[in-house]
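If you scroll down you'll find the structure; I have some questions about it.
A, B, C and D label the chains in the order they appear, each numbered from 1.
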C-alpha cells in the first residue's frame, strides 16, 4: 500500500560527493526515497553506504551536493539539524554510552531543560508509550553494557523515535542479530512504515532486501549504480549489480580426503577482559585435508575462539592440541614455529601495521625467523626480496614493497596477509573473515588459495559471518551460538537449517 | 575533505613542518622577550653569539648538547614502543649515583679509561633501575607510565637527597655533594676537537661523553631500524593489537624498552658528573631530562634529528646563559619558556599547519 | 601538648594543605570526565598563583587577584583545548608543554617585574584572603572534643577553603543533576554518541576545560594569596600531579576526590609534624621518606593494589570523525 | 688600583628583603661613596652560579664577590682559572691565594636574639625554623637555643628545618605551615633563619598575633609590632669591604670571621620594634653583648664539632 499511496519524495540527494583523503567514498550520488516506504541500500563492504547515510545525518559533510527533505533543500550542518529535520539514524557501530542507563542514553541531547529532573520523568513516560505502540521493550534503568546487543539496538531505535524521527535510517541493523531478532525488527519496521514513517535500510544481505523493502538501490565503489522496485527484481540481478559482474555462487572444489587430526580443541572456555564467558566449553577437531567452517551471528564467541587457538587470548580452561601436542596458553610466536598460521579477522588492527612499509608487514610474526636476519639483526635485503616474490605470486598491486601499507586498497592489503600466512606452508591454517571488504576478484583468488591448502593436506579452520562463504568453502560446518557449538552439519547443509541453529533454536 | 591522510613528501614532513613549528615557537617566545621590554632580535643575536661566537661558547654548547642527546634518545626509544617516558630526569639523576659510585671507588687505582666503561655501565644500570619499576607497573599492572614516571622523578629526588645529604656529603662541608673525583674518575676534555676548528675550549666542560653520545645515536639507530627487537618495539608502538597477533610479548618489550630508555637517560650523568664537575652534586640534572622530551619530539624521534635538535637546545642553553648575563631582564628561565613553546608547537600542535600545507602543496604540484 | 591537641593541630594543617589539591583535582575531574587528560594542571596552578599574586599586589584587592588567577588559568585551558580538541594533538604532550611554559614564564615575568628572583612582591593584608573566625569559635573552645575541633579545624580558615569544600557537592550536583553534566560524562565515554545526538563534541569539551580552568584558578590563588602572601618560584611544587593522583585514586568521583585530597593533605601535614621527631624503636625517620610518601603511595594506588580504577573510556583520545 | 667590581647573589633574588638585599646594599654604598659602578647577577637556579662567576672573571671584572655557600665549588674552580683576579665568598671557605672567605659568627648574633626571645616569651616555648638543613643553619639554631636558655633555663625550643635542598630557602608555604605547627604547640616567639622561606614564617606569626625574629637584613619593618627583632648579618660589610679593599690595594685573602665584636652580627632595634623590647630586655641584651665581646660568655659554634651541647 505504501508504495502506491505516496509518490511524494521524503528525501532527495543530488550530486553528493565525498572524499576521505585518497579514498573517494561517494561519487556524485543521486537518490530519491518516497515517503512512507522502506528503501533498501545494498552494496559490498566499503561501497560507501555508511558514508552516504552519515552525510544525510549530518555526521559527515559532503564535499559537494544537495539534500532535500520533502522537496525543500536544506543544509544539514550537524546531527542537530538532521534531528530537527526529522531524521533519525541507527548507526552500524552503536552510538551508546555504555556505562549509562537506557534512560540516560535516550535523553542525551533531548533532556528538556538545563536540569535533568523534569526530563527524567517525561522520558520515562514517553518510553512507556513507545513500548506500548511498537513493542520495543527495554528496562529504562538497565545499564547498556549489561544488555544483549539486540536490546542495545532497540535503545538506538528508541532514541530516534523519542526525538520524533519521521525518517529512520538503519545501517546494517541485522549484522548482530539472530534471524529471530531480525524478524522482530522487521515487524517493528513495518509498523513504523504503516504509520507513515520513511525507512532507509542498509545491508548487504540480499535476502533481507527481498523480504522487507519496497524499493532498493545498489552502490558499488562509491557510485549509485541502480535503483529498482523490489517486486520487480531478483536476487541474481542485485548480486550482479552489486559486484559488477556475474557472480559464481559456488566455489569449484573436489571431494575432501580427511586425514589425521591436526587441530583439536577440548572443553575450551574463554573469558573476555570483563570476565564474561565468551567461549563456553567448546570441543572440535580439524583433520588434515579438510576445511571446517564455523558459522554464527557476529559476537557469539567465534572471534574469541580463534584468538584462543591462535594463542592471543589465554583460555580460562580446556585444552588445545596441535598435531597432538597440548598448546593451550602457548603464545603466538611459538605456535607459528609449530606450524600454525593465522589470518586474523581484522587486518587493520591485527594482521597489518598500516604505517609500516609493505615489506615490513610481510614478516609480521615471522620476524624472528632465521631467513630474515642473523642474530639480533634483520637482513633488510633478504626481507625485501622475499616480499617482492610474494607480491609477484599474489599479484599485489602496486608491486612496491616500499609503499606504506595504508596506501594499498583493502583487497590488496588482505592479499598481503594471506600471502604471508600461506607462503609459510603451515600445517594448520585458521582464518577469520577472509574476504571482508574485499572485491570479488580477490575473493575468488583467496578462496582458491584456501582450497589449495586443503588439497595439500592442511587442516583449515574458517570463521565467517557470511553464511554463503561458509557454505561454499567448508567440508563440515559447526554452528556457534552464545559461546557454544550448538551443532554440526555437512558442507551441503541448507541455509534454513543453519539459520535456525545460529539463532539457538534448533540443533 | 579531510587532509589528514594525504601523503606529503619527506622533505616537507621532516623538514618544512618542523621548521615552521620551530619558527612559531620562537615567534611566541620573542613576544615574551618583547613584553618585558627587551628587543627580541637583539636577544637572539646575543644568544647566538654567546653560543657559537667563541671556542669556549661552542664548547659549552656541545656540553649541553651531549646531555640532551642522551635524554633525547632516552625519550625517543620509549616513544618508538609507544611509551611516553617523562622520567628521564629522575633516571638521569639516579644514573649519576651509579657513575659516582664507580668513580669514587676506582679513581684512586686506575686511569680514566679503565674507570669509564664501568662508569658507563654503572650509570646505565642505575638509570635502568629507576625506569624498571614504572615499566613493571605498566607492563604487569597497566598503570599509566606517564604518571608513574613523574612520581619516580619525585621519589628519586627524595632518595638522592637522602644519599647526598646524609651519606655521601663530605663531613664539614655545607653543600650536599661528594668529594671531587681524582683524574682517574674524570672524563678528559675534548680540547683537540675544538682546536681542530681553530678555537679554544677554555673552561668549557665539553668532554669525552660527547663521543659516547654520538656512539649511542648510532647504536639506537641500529636498534630501532635494524634489529628484530627494534622491529618488535615499533610494532608495539604503532599497533599493540598487531603486536599481540604477531606474538610480540607486551610485558617483555615494555620492560626491555624502558630499561634501555632508562639506561640512556642514566648515561647522561657521565657528562656533568664525570665530565664537568668531577663530583656528584645535588640536582645536577637541572631539567635536562625534560629537555629530552622536546629534543625527541623536535627531532622526530630519529637519532639524526635528535642530534640536530639537541644542538639547537644546546645553543639555547648556552646562549641563554650568556644572554641572561648581558640582558639581565631575560633570565635563563626564558629557555624553559622556549622549551615549552617548542613542545607545544612541535609536539601538541604538530598538525596545526598540515591542512594549510597540504592545500598549498596540492596547488603547487597541480594536484586534484 | 597531649595527643588530642597534636591531632587537632595536624588536622588543621591537613585541611589547609588539601585545599589546593581539592580545587585542582576537581578541575581534573571535569576535564577528564569529558575525555581530556590534563597533565597541565600543575602549570595552570602555577600560572594562576602568579597572576593572582601580581594583581593582588598591584591592586591590594584579593578578589581581583582571584579573578586574575581564574582568568589566566582559563586561558591555559583554552590553549590546551586548542591543541588537543581543535588540532587533535596529543593531550599529554600539550599538558607537558604548558607546564613548561608556566614554569618559565612566571619566573621570567616575575623577575622582570619584581627583581626578587622570580618572586612577586609581598602582598599587603587587604590583598589576601585572611582567616575567618566562625561565630562562636572562641566560646566553643572550652567544650571538650568538639570545641577544639570546631575552633581550630573548622573555624579559622579563609573563604577559599570553605569554597573548596562547597565545590564538592556543587560538582557532584553539576555532574549528576544537570544537562551539562550528563553530556559531559557522555562525551568522556563515547563522543560519537554525543555527536550523533546533535551536540557539538568540541564545544562541550571546551566548556569542560573552561570549568577546569575556573576551578584550577582557585587553587593557584589559594597558594599565592591565601596560604602565603606572594608568588614564589615553582610554588606548586608537584601539587598538580598529586591532585591527578588523588583523582585517579578517587576513581573520578567528586566525594572520593575530597577524601583522597584530605588523605594526601594529611600525609603532608604528618610529614611536617614528624620532622625531627623520633619514632619509638625506629629512631628519627629521615624526612625524605615522608616527602616521598605521597608519590610512593600514588604508585601503589596506580598499581591497582587497592582496586583498579576505570578511567573515562574516551580519555586521552582526540575525537576524529574523518581519518 | 683600578676596580671593576662584580657581585653574584644567592638564588633568592636581589630584593629578597634578606641576605641578598644586604649584599646589594653594601655594593650600593660603595657606589655612593666612590661613584664606581658595579655589575651584578641574580642566578635563579643552582647551576648558573659558576657560569656567572666565570663570565665576570673572564670579562676582566675584579673583584668578583659571590654571596652564598652554594657557589663554593664554583668559586674553587673559577678562582683557580683566574689567579690574577680577586674573589670573595661569603659563608664558605675557599682555600686559594686569591680568595677571601668571609664567615660570620652567626651563633653569637643568634644568642642575642635568643636571649630576647626567651625574655619575650610568655609561654616559655619558642621556635626556630631553619631553611636547608646544613651545618650553617644548625649553627644559627644552636646559638639561639643557648641564648633562650640563658634567659629562661627551663624554656622549650622547637626546631624545624624546611627541607634538604636549595628549594628550602624558597618555600614560604611550608615555612608558614611549620610555624603554625609550632604555634599550635605553644610557641609564641619564632626565629626564622631560612631566607625567603622566612617571609612565610614572619607572615604566619603576624597572622596569628605571635612574635617572630627576622634574619640577615633588618626585617623589623615587614610586620611592625610582630617582628620582635632581627638577627642582622652584615653581608653588606663583606661586599663593601671586598670592593673597597681592592680599590685601596688592601685586599687580603684568607678567612675573615666577623662576630659581635666586629659588628658583623647584631640584633636590630628600630622604631618598628621599640615597643616590643622593654628596657629590661635592652639592658640584658646589651650586657650579653659586652660579655661576648669580653669573652665572659662563650657561644658554642656548631661547626667546630658538628654538635650542639644543649
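The rule is short, and it goes like this: contacts are C-beta pairs under 8 Å (C-beta built on N, C-alpha and C of every residue); 3 or more make two chains touch, one makes a residue touch a chain.
Quick caveat, the model's predicted, so the values are computed rather than measured.
Novice: Over the chains that touch one another, what is the least number of steps taking chain A to chain D?
Specialist: 2
Novice: Would you mind checking which pair of chains has the most C-beta pairs in contact?
Specialist: Top of the contact-pair ranking: B-C.
Novice: So how far apart, in whole Å, are chain B and chain C when each is placed at the average of its C-alpha atoms?
Specialist: One centre to the other, that is 30 Å.
Novice: On a C-alpha centroid basis, what's the spacing between chain B and chain D, in Å?
Specialist: From the centre of chain B to the centre of chain D is 38 Å.
Novice: In angstrom, rounded to a whole number, how far apart do the mean CA points of chain A and chain C lie?
Specialist: Centre separation, chain A to chain C: 46 Å.
Novice: Taking each chain's centre as its mean C-alpha position, how far apart are chain C and chain D in Å?
Specialist: 35
Novice: Where in chain B do residues touch two or more other chains at once?
Specialist: Touching at least two other chains: 2, 4-5, 161-162, 165, 331, 333.
Novice: Can you pull out the residues of chain C that are in contact with at least two other chains?
Specialist: Each of 107, 111, 118, 288, 291, 322-323 in chain C touches at least two other chains.
Novice: Chain D: which residues touch two or more other chains?
Specialist: As it turns out, chain D has residues touching two or more other chains at 42, 44, 164.
Novice: Going by the touch rule set out above, what shape does the chain contact graph take here: line, ring, star, complete or other?
Specialist: Shape of the chain contacts: other, as it matches none of the listed patterns.
Novice: Each pair of chains that touch: what are they?
Specialist: Touch list across chains, by label: A-B, A-C, B-C, B-D, C-D.
Novice: Could you list, by residue number, the parts of chain D that touch chain B in their complex?
Specialist: 41-42, 44-48, 51-52, 54-55, 58, 69-70, 72-73, 77-78, 81, 91-92, 133-136, 164-166, 303, 306
Novice: Taking the touch rule as given, give the residues of chain C at its contact with chain B in the complex, in rising order.
Specialist: Touching chain B: residues 39, 79, 82-84, 87-94, 96-105, 107-109, 111-113, 118, 238, 241, 244-245, 248, 286, 288-289, 291-292, 295-296, 298-299, 302-304, 308, 320, 322-323 of chain C.
Novice: Inside the complex, what are the residues of chain A that reach chain C?
Specialist: That would be residues 20-21, 57-60, 78-84, 89, 91, 93, 95-100, 104-105, 107-111, 113-117, 119, 159 of chain A.
Novice: Under the touch definition given earlier, write down the residues of chain D that touch chain C in their complex.
Specialist: Residues in contact with chain C: 9, 11-17, 20, 42, 44, 159-161, 163-164, 167, 170-174, 176-178, 180-181, 184-186, 196, 199-200, 203, 207, 222.
Novice: Enumerate the contact residues on chain B facing chain D in the complex.
Specialist: Residues 60, 157, 161-162, 165, 171-177, 202-203, 277, 279, 281-284, 286, 321-322, 324-325, 328, 331-333 of chain B touch chain D in their complex.
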